[in-house]
Amino acid sequence: MELNFSLLMPELALFGVGLLTFVLGLLVPSQSRKGLGSIALMGLILVLGVTVANWSNQGVMLNGMYIVDRYAMFFKILCLTSAILVVFGSYKYVDQQVKNHFEYYSTIMFTTLGMMVMISAGDFITLYMGLELMTISFVILAAFRSTEAKSLEAGMKYLLLAGMSTAVLLYGLSLVYGTTGTILIGEVASKVAAGVDSPLLIVGLVMLVAGLGFKISAVPFHMWSPDVYEGAPTPVTSFLAVASKAASFAVFVRLFIGSFGVIQEHWVGLIAVLAALSMVIGNLVAIPQTNIKRMLAYSSVAQAGYIMVGLVAVSEAGIKGVMFYAFLYVFATIGAFTVVAAVSNQTGSDEIADYAGLIQRAPLAASVMLVSLLSMAGIPPLAGFVGKFYLFQTVVQDHLWLVFLGLIMSMISVYYYLRVILVIFRDEPKDASPIRLGGATAITLVITMVATILLGIYPGPLSEMANMAAQSFLIR
Amino acid sequence: MNIPVLTLTLLSPILAAFVIMFIPKEEDKLCKWVAAAGTGTALLLSLYVYFGYDQSVGGLQWVDFGGPVPWIRDLGVSWYMAVDGLSLPMLLLTNLIGFTAVFASWNITLRAKELMIYLLVLIAGVMGTFIAQDLFIFLLFYEVVVIPIYIMVIIWGSSKRVTKEYAGMKLTIYLLIGSAFLLVGVIAIFVQALQITGVPNMSFEALSRVAFPEQFQIYMFALLLIGFGSLLSMWPFHSWSPDGYAGAPTAVSMIHAGVLKKIGGYGLIRFAVFVLPLGAKFWAPYIAVLGVIGVAYAAMGALAQKDLKYVVGYSSVSHMGYVLLGVATLGVVGVNGAVANMFAHGVMAALFFSMIGFIYEKTHTRWIPDLGGISHYAPRLSVGFMMAAMASLGLPGLVSFIPEFTIFVESFKVYGILAVLAIAGIIITALYVLRAGANTLFGPAREEYKDIKDIRGPELVPLVVLGGVLVIGGILPSLLFDMVNSGVAPILAHINEALQLGGR
Amino acid sequence: MGTGLNPSYFIGLSAALFLIGAFGVISKKNAIAVLISIELMLSAVNINLVAMNKFFTPDAFFGQVFAIFIITVAAAEVGLGLAIVIAIHRKRHSVNLDDFDLMKW
Amino acid sequence: MENIFELIAFVLLSGLVLGSALLVVTLKDLVHSVLWLIVTFIGVAGIFLMLNADFVAAVQVLVYAGAVCIMIVFGIMLVQRQDIRNSNPLNGRYKIAFPVVGGLFVCIGLLMARSQWIVSTKAVPEKTVQALSPILLHDFTIPFEVAAVLLTVALTGALLLVKEVKANGDRS
Amino acid sequence: MVEFALGHAWLVPLLPALAFVLIVFLTRPWPKLSSSIAIAAMASSFVLAASIAYGVFTNPHFIEEPLVYSLRWFGMEGFTVNVGVKLDPTSAMMLFMVSLVATLIQIYSTGYMKGDPQYSVFFSYLSLFAASMLGLVIASNLLQMFIMWELVGLCSYLLIGFYTFKISAREAAKKAFMTTRIGDFGMLLGLLFLQIIFGTLDLVELAQRVPNYEQYGLSLGLLTFIAILVFIGPIGKSGQFPLHVWLPDAMEGPTPVSALIHAATMVVAGVYLVGRTMFLFTEVPGAMEVVAFIGAFTALFAATIAITQREIKRILAYSTVSQLGYMMLALGVGSLSASMFHLWTHAFFKALMFLAAGSVLHALHDKADVWKMGGLIKKMPITGWTFVIGGLAIAGIPPFAGFWSKDEILAVTMEYAQHGHGLGYVLFAMAAFTAFLTAFYMWRMIFLAFFGAEKPENHPHESPLSMTFPLMVLAVFATVGGLIGTPWANAWGQWIHFGHPHAAAPAYGLMALSVVLALAGIGLAYTLYCKDTEKQRAQQLAEKYPTLYKISYNKYYIDELYQWFNQKVVDGGAKVLYWFDIHVVDKFINDMSELTGLTGKGFRYFQTGKLQTYALVFFLGLLVITVVLAFGDPTSAGIMGGVK
């Protein structure tokens, strides 16, 4: 009943440092704001430390309105990690591309806060608030380069479409509330288990799928993502692609496996079909793309499809697969986008054609791009392969066709990844001037690459972690 | 045996690659020497292992770290590096070809540093598949090789009938999609085994001890067959092979035709047949038919070629047909023949491609009608070429005859008239090989080639090493066969046992 | 029994309002009009929530609280939306959503 | 007896809400549709009152019919320099949009018709505000705080965007 | 020495092989050294062979149980191959003959190939060739034999194509290899059958197992089939009828090679193989008849071609084919000894004639047309007279070697006929007529080339001693070589025979007949080509029967037939299949990828960039899902019913 602050530590800490950076941003004169990023970084690392320290500190507070279990912890760590990487990797980009960025870092932190809240939300209201905080902040971030028409347009699109989808999600929630008579996810589970089963519940489910499908950009609710990804500032894009997707997946899993697991026969088929559609359309449409951000956007649609496979298997193994994949997806995606940011920072272009000869201009960036893309494609010995293995292993017996489709599609995806690699490795650069990454970016790149390779070769620890988390999820 | 020799063998090319990374790219000679050192070490180690292997004992030996090292617990994956009579010839072959491939690309100066790095990674990857006794590790290495190959093709490849970009992409995607089927099978088998035994374990032995239901075995074997078959360029999944080899640079052609393909055959025996005997039993006749079609079809295809690399490309498809036929017999003699034939063809194809590579380097063409009379200017080159040619038409006294003969013995016993068709392949083979050889090397000396240099210095290494293996293996087949037999016999014993169990 | 009206009436009403809003979102050219339509959808949700609250959990005020939160957030959203509309209008001199297709395909 | 009144009230209110809402999405003149939007909101507030949620109704009237609409009007004044008459046309999509939403309505209606309700017999306490405040401030602390953060972020974000554009405008 | 030789018979092939290795890897730059190494090796293996022959022919028990020793070569469960040595009179004789001829030819080559840039290479090839032939001779195992057999083929390929700058040589070499390859295919099948059914390829074991083949569940018909399959190999190697085409073209090689191939080694390999596997053939009369008939037919057929050829070596080549036909005939009628006897004599006189022809060409700078020669005997007496001796021998004039062997063959054929094989008489007639033709075309050549008027444009000169010495040696053997097999004292028959030794009373009638035939042939040739210096009659004959002449001159157009088959059928088929591969198999793949790409493009254009399109799609998706889930999905039936 009472608030248990020890459980809230991470959120509070994040709130604190967020506020700190915010205030500092307001007070410090604009010419001496360089240090802001480092402060934000320190803060985030601190919060991450706090979160990790609370790994085994589980509990439920406010009679189930706020759930802090390892499952939530895992996703919080994920979001914080990606926030750290994004911030660290985009110092230079932010300095040069984002005018008066004093709010940039604080907004990123508040976004993360929203994610953390929605991840461990135990009732619809908290869930909604966290989601909305995340969304609103992302709208701001997407429109952050407000001197750029594209950025503004991205903000506009995200705002309107997200608002719409949130309305749909809310409608679904209201129907669920109506049919089950509670807004506590835990109670919803017990009510549904008790046999509450009304036609409107189905409509509610469908609307939930739509609303959350929008956030994880699953076909056919994905259409915003390429445009927004392209228009938003690149670090924001990577954050959007990784963290918001992961958080939404956390909610997705919590709602559907946690609450509606008993009536899975109503929605598993639906999710399977959506997953298949996402894989197919995401991968096929990525093929003809010429802008690397759009290409990555479509590929992230496909990735969402893969992750949904873990949802299809309503099981601990499935949840574990989702978590594992979401985590390795962080490194691959952020690695790729950081390279994109660094390149566009120098060349001012996101066209694939302008990556010619990157291997000679910036060997590190080129190899990170290679590793990241191949990991997304699931080529061993990179992390993506293990992740896919975990995911597909869970559905191979009930939905063999899905496994087939997924693997074939991931091999087809290699096609467009290789087109990038072709340009990077074969062509001679138009201007051979080396691309200066800057120390922070370089370190970030190295971290992502090492992580991607390491998770592929020795996934043991992470999978253990995901195991514990998944078990904690199913205990209740 | 507390030194992990195999792991060291695996690491030595990788270490060399690391060293090269820190060499300035101007020092390309140095890069090449380092690469040669790395592969050479691997070769020596594998020779040491090969002759240190106790055939009388048989089974898995040289087990690293004294046994499986748990790697990914919840998938039952373990770092399990060991060799038996089946994998040893392949390991040796890999390092033979890897070592010579470095010298075959000796004259390449364009971005030589990168080339060597990719080459070494490639070699290490191929090696890993042969020494890994764990399915998962096997898979890791199985696909790691694809990407370096792609990069090498697009950078150092050559465009003829098809552009090198097309060739590389086709090669990669084709094999990857094949491997997708394979992966589905692997995942399904793993899950099924987990359900039956309750403990996850991915080592080949453990899987082979699981009694899978027959229907399941049949379906899964089909998947694995498509996967491995497309890598083995089994008809009709072969069409990547000629284009790919034509587009690829010499080193890649050597390694790809020499060993990479063999991973398909190796996997087919080591994994598909070994783990799913009933499935193998069911599919064997179809495999045989496909193999025979491959033999005749590809041989005829090679007959119609004017580009040397296409000739060899098709011929390799045709030879793999023999391998399939041998595997399909599911008999000791036949499978022995198949494995030995993989070794033989590996050496032969590598020599062939390296020689063609030199010809291309020196004359800047592979178009047979434009060639001729090379032997007057480059006798050593011609000797190498003719040796490869003779080996590929199965001339006795060279390594490839006895394997083919053993395959014929068993397959003729098992499949009768079908085998006769395959045997007829030797005539067509002789026809196209002789044609290509004669029209390239002999005939009146041509003016335009009068100042080409014969191969010399490091360029001779492929000829000496591979040619030597060709002859030695031909004169003393027991060196190869006793080893292969010590590996194949137990596997087939296990299979027959399983078949009897499945039969009741 | 407080009233003869059963939830269906209100759910029907909210559904209608919701879909009218949806219609607006899809088919109004003006960005501000789309914002308005979203507000319509949200208030439809509110009707739902409050009705549910009355009919199912009269004693716990979940629905009403939820509605209040939604209203709050909606206000903020509108504010932000208008800001973006203004900004983009300064940039592109248009509020017609169909003009904003720099990024496509 | 009072059932009848309630029914009539409901019919009137819902007619008002839906009618005005339809006008909102169909009218050509943006300002008019905003005015009708106010009407809609007030109607909704009425519905809330019917559902004895007076506090929510109040908030609805204040925030929506008040603040939001004013904001919108200001917004319109900022962006609509040219003719206000035809500021709010439909685009081509309504031909498809109409059947879609119609279809959805039919679906929901059908499903709703097939579902029966276990209506709780308890009545809503009269003093909603007194009941609401502890819940809001105690049970829902976390959402409440989050809402605070959200408002801050939204506000500063909005400021940022607009200010940026002004600076931009000066530059140009 | 003898003991050593018998115990180390494998040295005989090994020495030349070593010479080959030495020359290739070390001494290639120094021609003289290379040739001396080769000759030394060859000579020493000749000595060994001679002592082996001595050892064998001095203790008779070798006849019944040959000396066999072998070691495991490789093997696995169910298929083990031992390689080893099998010494019996036949192989001893072959060893002796082959090594002798080879030695002589190498000596000869030192003169003939003088100054050739590839001098050492040539000798290395010769050594390898001899090595593989000797290996074939002593092989104790059919697989081992087959291997050597193939190696012989390889060497012949290399040697025929020795003048690599000559297109014709290149083609001839290819043709030789391919044709024999076709034969080998059949033989390989035969061997596989034997291996699978009898479980071994060892000659001795096979000899024990084949006779009671019923135990191995084998019908006579199948055994016959197997025998014929095996016989296809010899058909190819020994240039029997359908596959003889390569042999005349093989003249493209240097003359010593022709001598080596045609006289001593390669071509007789086929005969020797059949001789080695007599135990198989004697079981199946049907196969025997096939062998006999093909032999006889080939003999006649080749002879009819030979009478109109113009190039000296070509004529000799066809005569070889014809003589091989004789040997096959002898085998076919079941007399190993007769056939081996002819092989023995033929080796000497044919080698002699080839080498002589070689020295003629040497003198005339490779002018090969006999019509352009004439009166050479005055300028180059040794060559001329040795050639004449060869001619007498092949024509079958007593007491020259050829007479005895050919007479023996005629005798056994007649015997065969009398033992109630109706076919026998036909065979005999063919053989007899062939004898006449042989005498005719041989002497036609001799008269044209060596007698008659000299041609002024030729400036012939006698060849150096290195070339004439072998001629003289061979001439001696060609003269007296047959005396060991005379019907009165048939030592040959005692030693070399299959089953019971063939001992019949000398048939004087037959001898008379063959002598008469031979003389008739020579006489005809004399009248046509020597007596009338203008050769009017010959011309008239040719014009009188133009078709006959053309057919014979163009070798029955068989080459053209094969040409056609090769180009139209084989290459055509290849082209068709390749087209199929590109335009069907490969195109399918490409179309699939094309399709994928197009689908991607198609979907791409849904992404209009217009925000509200996305909203529309969103709600469309919502509608579809709702409809499907709520009304389509069977699992939602419970829902439709309301509360469960």
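Labels A, B, C, D and E are assigned to the chains in the order they are written; within every chain, residues are numbered from 1.
Just so it is clear, contacts are C-beta pairs under 8 Å (C-beta built on N, C-alpha and C of every residue); 3 or more make two chains touch, one makes a residue touch a chain.
Note that the structure is a prediction, hence the values are computed from the model and not measured.
> Starting from the defined contact criterion, work out which chains touch chain A and chain D both, please.
C, E
> Of the other chains, whose C-alpha centre is the longest way from the centre of chain D?
Here the answer is chain E, farthest from chain D.
> What chain pair has the highest count of contacting C-beta pairs?
Maximum number of inter-chain contact pairs occurs for C-D.
> Greatest Cα-centroid separation from chain A: which chain?
So the chain farthest away from chain A turns out to be E.
> How many angstrom lie between the centres of chain B and chain D, each centre taken as the mean Cα position?
70
> Counting only Cα atoms for the centres, state how far chain A is from chain C in Å.
Going by mean C-alpha positions, chain A sits 26 Å from chain C.
> From the mean C-alpha coordinate of chain D to that of chain E, what's the distance rounded to whole Å?
Roughly 101 Å, centre to centre.
> How many angstrom between the C-alpha centroids of chain E and chain C?
Computed value for the inter-centroid distance: 96 Å.
> Can you pull out the residues of chain B that are in contact with at least two other chains?
173
> In chain A, which residues are in touch with two or more of the other chains?
Where chain A meets two or more other chains at a single residue, that happens at 125, 128-129, 132, 136, 139-140, 143, 146, 152, 155-157, 160, 164, 168, 181, 198-200, 202-203, 226-227, 412, 415.
> At which residue positions does chain E touch at least two other chains?
As it turns out, chain E has residues touching two or more other chains at 593, 604, 607, 609, 611-613, 615-616, 619-620, 622, 626, 630, 639-640, 642-643.
> What chain-chain pairs meet the touch criterion?
The complete list of chain pairs in contact reads A-B, A-C, A-D, A-E, B-E, C-D, C-E, D-E.
> Give the list of chain C residues in touch with chain A in this complex.
Chain C reaches chain A through residues 7, 11, 14, 18, 21-22, 25, 31, 34-35, 38, 41-42, 44-45, 48-49, 51-52, 55-57, 62-63, 65-66, 69-70, 73, 76-77, 80-81, 84-85, 87-88, 91-92, 97, 100, 102-105.
> In their shared complex, at which residues does chain E touch chain B?
72-79, 143, 146-148, 150-151, 154, 157, 161, 164-167, 170-171, 173-174, 177-178, 181-182, 185, 188-189, 192-193, 195-196, 570-571, 573-575, 577-578, 581, 585-586, 589, 593
> List the residues on chain A that touch chain E in their complex, please.
Chain A residues touching chain E: 156-157, 160-161, 164-165, 168, 195-199, 201-203, 205-207, 209-210, 214, 220-221, 223-224, 226-227, 265-267, 269-270, 281, 283-289, 412, 415.
> Taking the complex as given, what residues does chain E use to touch chain D?
The touching residues are 612-613, 616, 619-620, 622-623, 626-627, 630-631, 639-640, 642-643.
> For a test of understanding, state which residues of chain B touch chain E in their complex under the given definition.
170, 173-174, 236, 238-240, 243, 297, 300-301, 303-305, 331-333, 336, 373, 375-376, 390, 395-397, 401-402, 405-406, 408-410, 412-413, 420, 423-424, 426-428, 430-431, 434-435, 438, 441-445, 476-478, 481-482, 485, 489
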